[in-house]
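Structure first, then comments.
Chain IDs A, B, C, D and E follow the sequence of writing; residue 1 opens each chain.
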Amino acid sequence: MASIELKNVIKRYGTGKTANQVIHGVNAQIKDGEFIVIVGPSGCGKSTLLRMVAGLEEISDGTISIGNRVVNDLEPSERDIAMVFQNYALYPHMSVFDNMAYGLKIAKVPEAEIKTRVDKAAKILELGAYLDRKPKALSGGQRQRVAMGRAIVRQPQVFLFDEPLSNLDAKLRAQTRLEIQKLHRELGITSLFVTHDQVEAMTLAQRMIVMNGGVMEQFGTPEEVYTRPATTFVASFIGSPPMNLLKNAPDAKAGVITGVRPEHLDITPNGWSLAVEAVEMLGAERLIYGRWTHTQGNDGEVVIIRTEESAAVPAIGATLHVTPRPAKIHHFDANTGRRLETV
Amino acid sequence: MASIELKNVIKRYGTGKTANQVIHGVNAQIKDGEFIVIVGPSGCGKSTLLRMVAGLEEISDGTISIGNRVVNDLEPSERDIAMVFQNYALYPHMSVFDNMAYGLKIAKVPEAEIKTRVDKAAKILELGAYLDRKPKALSGGQRQRVAMGRAIVRQPQVFLFDEPLSNLDAKLRAQTRLEIQKLHRELGITSLFVTHDQVEAMTLAQRMIVMNGGVMEQFGTPEEVYTRPATTFVASFIGSPPMNLLKNAPDAKAGVITGVRPEHLDITPNGWSLAVEAVEMLGAERLIYGRWTHTQGNDGEVVIIRTEESAAVPAIGATLHVTPRPAKIHHFDANTGRRLETV
Amino acid sequence: MEKRVFFRSNWLPWLLLAPQLAVVGIFFFWPAGQALVQSLQQQDAFGTSVTWVGLDNFKALWNDATYLASFQTTVIFSALVTVLGLSIALLLAVFADRVVKGATFYKTILILPYAVAPVVSGLLWAFMFSSSIGVVTYALHKIGFDWNHLLNSNHAMALVVMAAVWKQISYNFLFFLAGLNSIPKALIEAAAIDGARPWRRFWTIQLPLLAPTTFFLLVINMVYAFFDTFAIIDATTQGGPGKATSTLVYRVYFDGFRGMDFGGAAAQSVVLMVIVIALTVVQFRYVEKKVQYA
Amino acid sequence: MVERRTTLGILAHAIMIVGALIVAFPIYLAFVASTHTPQEIMQSPMPLWPGSNFWESYQTALRGSSSSLTSTPVARMIWVSFVITMIITIGKISISLLSAFAVVYFRFPLRQLCFWAIFITLMLPVEVRIGPTYQVVADLGMINSFAGLSVPLIASATATFLFRQFFLTVPDELVEAARVDGAGPMRFFIDILVPLSVTSIAALFVIQFIYGWNQYLWPLIAATSEDMYPIVVGIKQMIGTGESVSEWNVVMATAVLAMLPPALIVVLMQKWFVKGLVDTEK
Amino acid sequence: ATEIQWWHSMDGALNDWVNDLAKDFNASQSEYKVIPTYKGEYDQSMAAGIAAYRANNAPDILQVFEVGTATMMYSKGAIKPVAEVMKEGGVKFDPKSYISAVSGYYTAPNGQMMSMPFNSSTTVFYYNKDAFKAAGLDPEKAPTSWPEVVLAAAKLKTNGSTCPFTTSWMTWAQVESFSTWHNVSYASKFNGFGGLDARLEFNSPLHVRHFENLANMSKQGLFVYKGRAGKASSSFISGECAMFVGSSGSYATIKRDAKFQFAESTLPYYPDVPGAPQNTILGGASLWVMSGKPAANYKGVAQFFSYLSSPQVQAASHQRTGYLPITMAAFELTEKSGFYKKNPGTEVPVNQMIRKTTDKSRGVRLGNFVQIRAIVDEETEQIWTGKKTAKEALDSAVSRGNELLAKFQAANK
């Protein structure tokens, strides 16, 4: 187990004129044993960052240290890490046992020791019955666990996960999430977990890094990120349906964006006045889509309101009044998108 | 526009001994202009049913009528239907215009008329700027719209959709959902829409057919299906997280399953007693997973409770007391799985 | 693997198949049947006197030590061509897979021999190794090696093998390269994280994963060595010295078209067809299976 | 790229260079020989750099030399090769497209048998059934004609198989969409399937072009007059017994000319070729 | 004009000769057009012709080497005897005008002339005068016996020659011609002239001795094997090989292409063998007329043959190619013109052939002879590679060959 430190990490693809910078100076201190999730939209550089830590991608600038050792120039195998890939990257021609044992064999761990370690991992992951099978003969969830097993047996200082759950169906994903949490509790190994799914990020992370366009937008606990998003990007990326980010709220100041989550808008006899555009029934709750009545024409701003299933259903076209809960209003600078603590 | 009638529709694959019946006598009356969603898990026969309506699959038994005309033996092109496929099935070598025009050309519609119709559809779907592009050069959402356009230009009596949104990302899916609703409002064409996604089904359907294993489990409005599920299958399939279906609730009768949705369990000073297993933070709400304290050992029954984000977070391992809201308790026959109106 | 939907028509598929079936029937099955009939006959060169001899032709083949030797020659030749062709191509493909700069240039050169006709290939190699004017012969002589494929059967075998391998490398190379490309990069990365060095990765990951490609090429190369090398042998050694490079196919042509022993040649054809059909079945099975994986 | 070590990179380049040199050498030598006078080639060793006899050699070859065995000019041979090759290539591709379409998209009795019947021809090379085939072609009066030289070679298991494989990967929905659009089988074939198969067609064009161009044994016996010799046979005839080859330069010029068209096809269509083959075969 | 297809095996300078003959004939009249086509080596063109016959596509005229004579002669109805063609064509034809050694070879037991003598050759000895000079040998004096050949070869080798001696047509020159030259039997039944039940006998002690001798030379680098059929001649022409036994018909190409002084001389022999030298064997080829053609074609063929047998054409051909003058008239015409004087050595083949022949030296006529030759080639190649001794190879060749003879006998009863 070890801490990880990223110091002004930069990644460029290509050189000279054609160089394309995709990571713009990321700084982060990850504590020993922490479970960190990196989340962000597709193409924002999550995998690139993770792969730089793994040693699969060269670091263009800055330094990465694992356990106080700068690893910039070390081969992946020398960094004492293990990685779980999105499509698992299991060796299709090897049995489950051999898949897990491969790294140990190369490291010349004695046969007996290999067997002990693999068996132990297999037990933790309930793979004991499948050790002789080829990956082809396993279900998606089982494959995923083999990939985890392969990482575990190496007893590395750091676990790296690159969207390890995205090939699983919803049910299995939820279940595996719980397993990963349990595993981390038991082994306590520093982990970096990449995902583009905010639910996964929220449920798994001790702290999470929200990335956008190669920039780290926020680094904090899920609680912090949800309740005090640092930028409009974070505000709209985390939470579903997303936070309403309003320029034209009746009481808005110029240059300031008002943010309110749909569940923090209460239907009140008066307040912001909206024309109902659509209503969606989602079982336990309803989403109401409304447009300002006070702005001329169509300004493109839709306000989403989340209500209980039991609440009354407004008619389409009807006018609705809503009031944001005061403590739950956020303000952002319209130009930079950064959170404003005081308005 | 036309009504659709399914009378005891049966589908068998293969013949004789190897015959495999996948649709077991479906009966349904669909009114002219209705928007019907067929929902169910993978392999339940949704597509098969739809394809029988389309004429792409032979009907083994029973009859299908469109607008009072039995279509069992008609070619797809003679049934006056249009279909949108899951992966759109755009002709990759044809431009967007040609994709939409192909069916009209074969039907020998005059050039000028073709142009008018395609242009009109393109305008509705905001595809005007892309008419000369090949499908390859379009985004997923645009492709989806071309597929819709191809269906629209034919001015059919019935629209058939086979999971047309499942290749889109979450945001686009939500948006397209709204567009389809709008389109249906405007054109009013009878539509059959297949999906395995309950959110889609709930939000789009005027009435929905819930299928399981080739059997129609329920046919009703989303409201009905959600509030009065006809079977345990429907109860667990519609709603996320699913309804708790409990055999071991403290006050349960033998042979009766008690159903309560997670949002209808309130934390109260006393009531059902549970040991907290895990807590997941989902932004606006929390899920608490608990196990009975009154049953011996592990009976595998987990109770999920949904609380507001603002509610207190219980510690793992702590004991929690919950009470179901009386009006929201459902009962099912443990053997047949069917809803019991009186217990 | 089958299509789910299909068109219904009783006559259209036959119409569509007609041209192909006509060609196949007239130019493949009819002659093949003829060969079968002729293998039971003894004819004079001109076909004017024909006698039925039962299985005599086959018995004669069985008793002909040189025919059995041709079997051996064919096996050795095919094995050499296949093994060398595959391993050299694999070596080149593995390294071509590594280079980034100039890859297209190398590839272009390496696939050129594919375009060269076997006869021309034979001609070029015979020219290089010609006893009087061959540059390679000259160079070998300079380093004290006396090349003489007219007399030395090993040299002759080496010559036809070289010419045959040279021509086939391109094809193998292309497929190996494609095979290597289709191995997910993540597997290589996973192995690298597991601590495997390039050499080890090649043997434990890449090579085993190339097995389907290799097997496919193995069959293709064997067929090539069996049949398509006729022109190469004809242009270089004409089966000599002795019968040292006379493969089964060369024998069919030689005994039939040069020796005018039509019955014997037909019997040889039949033997070849049997071998060939066995190979087909193996390949068909394999290819079908592979497709189902995909 | 996992390893960043330069040694491996250098080794890779070194091996590629050595490989390319060895592979290219025979072709290079043929070219060099074609640029020298016969006397220069007869010297031992012959020069390894191009000489100055280029024009003479190629002119003699193209016009046909009085002293070579075939007085037919190479230009005529190239024409014959070209015609035969085109008939074979286009013929093979067309009839294979049709039969693969029939086999994949229709269900009819004996379907598997038909497919097998075609497939097995892959394994009955001309060499094996040469005598009877010759007889059949002669009985049909096709000896020494373009048709006789090409049609017997037109059946193609490879192409049928490749197209079948490709058709199997064409999404079913496309057929269904076409059926909903009202297209019948032939309409679907022409409007949708053939345009979609361009990559496979291109790959097969390369393969079959080379197959046709390089035919040797069949034309050797089926062409009985010199003006029907394709270039590949012409070359062999030029060398004759080897008893009197004195014009190696002309022979090699002819060899270079014989290699040129297929080489051009392979190099120019390289990308398509690999794509078409690999996407479907693998 | 009626086209007359003529398939042949004449390459090098001989190809020019054949083309010229056709051109001249075609120019001499307008009714017929003879189209010569080179169809590969002798065995190849013969095979091609037979295959074509089987496919009803035979040429009108097929040049077949002497070895194929029996096969052609015994074929039932595939060929039209030349005597018949000439008679039907109304052309004067006198078999007796041909040198008997030649006409006898192509005459059936019933006395009918079966094919048209065309290019008859025999084996001769060529050597490179320049190389002899350089090696200190007398360029005007050719070695006449095998021991002398060995000595000369040794000298040439010491002087740096990589190929002092070679031979083309191993079977024709070193087995068949060797037999008649030493008047030993090649096969029983007068080398097959006596009937189909003849069997091979060329594994006699003398034959074995000769091949042991060649094997020793080969081991010492004095004899270098250059391949089957006529392949060796290019090694002589290129100057690589200094002494060479080959066909007199190679003269034309050697003369055209060799860049050195050379001479033609009689075949070496073993002086201790009684009766040697006898006469060399006839080689080359004759023209066969294939059956089943329209009458007009046969008329044209007759015309063409008549053109070919005019003494002027024959003499010119003889002088141009090195093939034998096949009629006495042509021989006399050439002699009178002083050609032999002007071109010393050119009379050698004639002299070798017009000696009186014996039963053992008249020639060889065997069925499946082409294949027998292939066997002899294969077997003797084993000697040079050291895989077999001379005796083993010849024994094996005889026994394999006899099987073919038995087969032929069975098929042609």
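Everything below uses one rule, namely that a residue touches a chain if its C-beta (ideal position, glycine included) is under 8 Å from a C-beta of that chain, and two chains touch if they have at least 3 such contacts.
A quick note: this is a predicted structure, and the numbers were derived from the prediction, not measured.
*Asks:* Give the fewest steps needed to get from chain C to chain D, where each step moves from one chain to a chain it touches.
*Replies:* Minimum number of steps from chain C to chain D: 1.
*Asks:* Could you tell me which pair, D-E or A-C, is linked by more C-beta pairs in contact?
*Replies:* So, comparing the two chain pairs, more contacts are at D-E.
*Asks:* What chain lies farthest away from chain B once each centre is taken as the mean of the Cα atoms?
*Replies:* If we average the C-alpha coordinates per chain, E ends up farthest from chain B.
*Asks:* Using CA atom averages as chain centres, what separation in Å is found between chain A and chain B?
*Replies:* The computed centroid separation for chain A versus chain B comes out at 28 Å.
*Asks:* Go ahead and note the Å separation of the Cα centroids belonging to chain C and chain E.
*Replies:* Centre separation, chain C to chain E: 38 Å.
*Asks:* Could you put a whole-Å number on the gap between the CA centroids of chain B and chain D?
*Replies:* For chain B versus chain D, the centre distance works out to 54 Å.
*Asks:* At which residue positions does chain B touch at least two other chains?
*Replies:* If we look for residues of chain B contacting two or more partner chains, we find 56.
*Asks:* Please set out, as single numbers or ranges, the residues of chain D touching at least two other chains.
*Replies:* 2-3, 42, 131, 135, 137, 176, 179, 221
*Asks:* Pull out every residue in chain C that's touching 2 or more other chains.
*Replies:* If we look for residues of chain C contacting two or more partner chains, we find 5, 132-133, 189, 192, 257.
*Asks:* Along chain E, where are the residues that touch chain D in the complex?
*Replies:* 5, 7, 11-13, 15-16, 19, 35, 37-38, 40-41, 48, 51-52, 54-57, 59, 168, 227, 229-231, 233-234, 237-238, 250, 253, 257, 259
*Asks:* Which residues of chain C touch chain A in their complex?
*Replies:* Per the stated touch rule, the residues are 184, 186-187, 189-196, 200, 204-205, 208-209, 211.
*Asks:* Show which residues of chain A lie in contact with chain C when the two form their complex.
*Replies:* 54-56, 75-77, 81-83, 85-87, 89-93, 102-103, 106-107, 150, 154
*Asks:* What residues of chain A sit close enough to touch chain B in their complex?
*Replies:* Contacts found on chain A: 178, 181, 198-199, 202-203, 222-223, 226, 238-240, 261-263, 278, 280-284, 289, 306, 309.
*Asks:* Please output the residues of chain D touching chain B within their complex, sorted ascending.
*Replies:* These residues of chain D touch chain B: 171, 173-174, 176-183, 187, 191-192, 195-196, 198.
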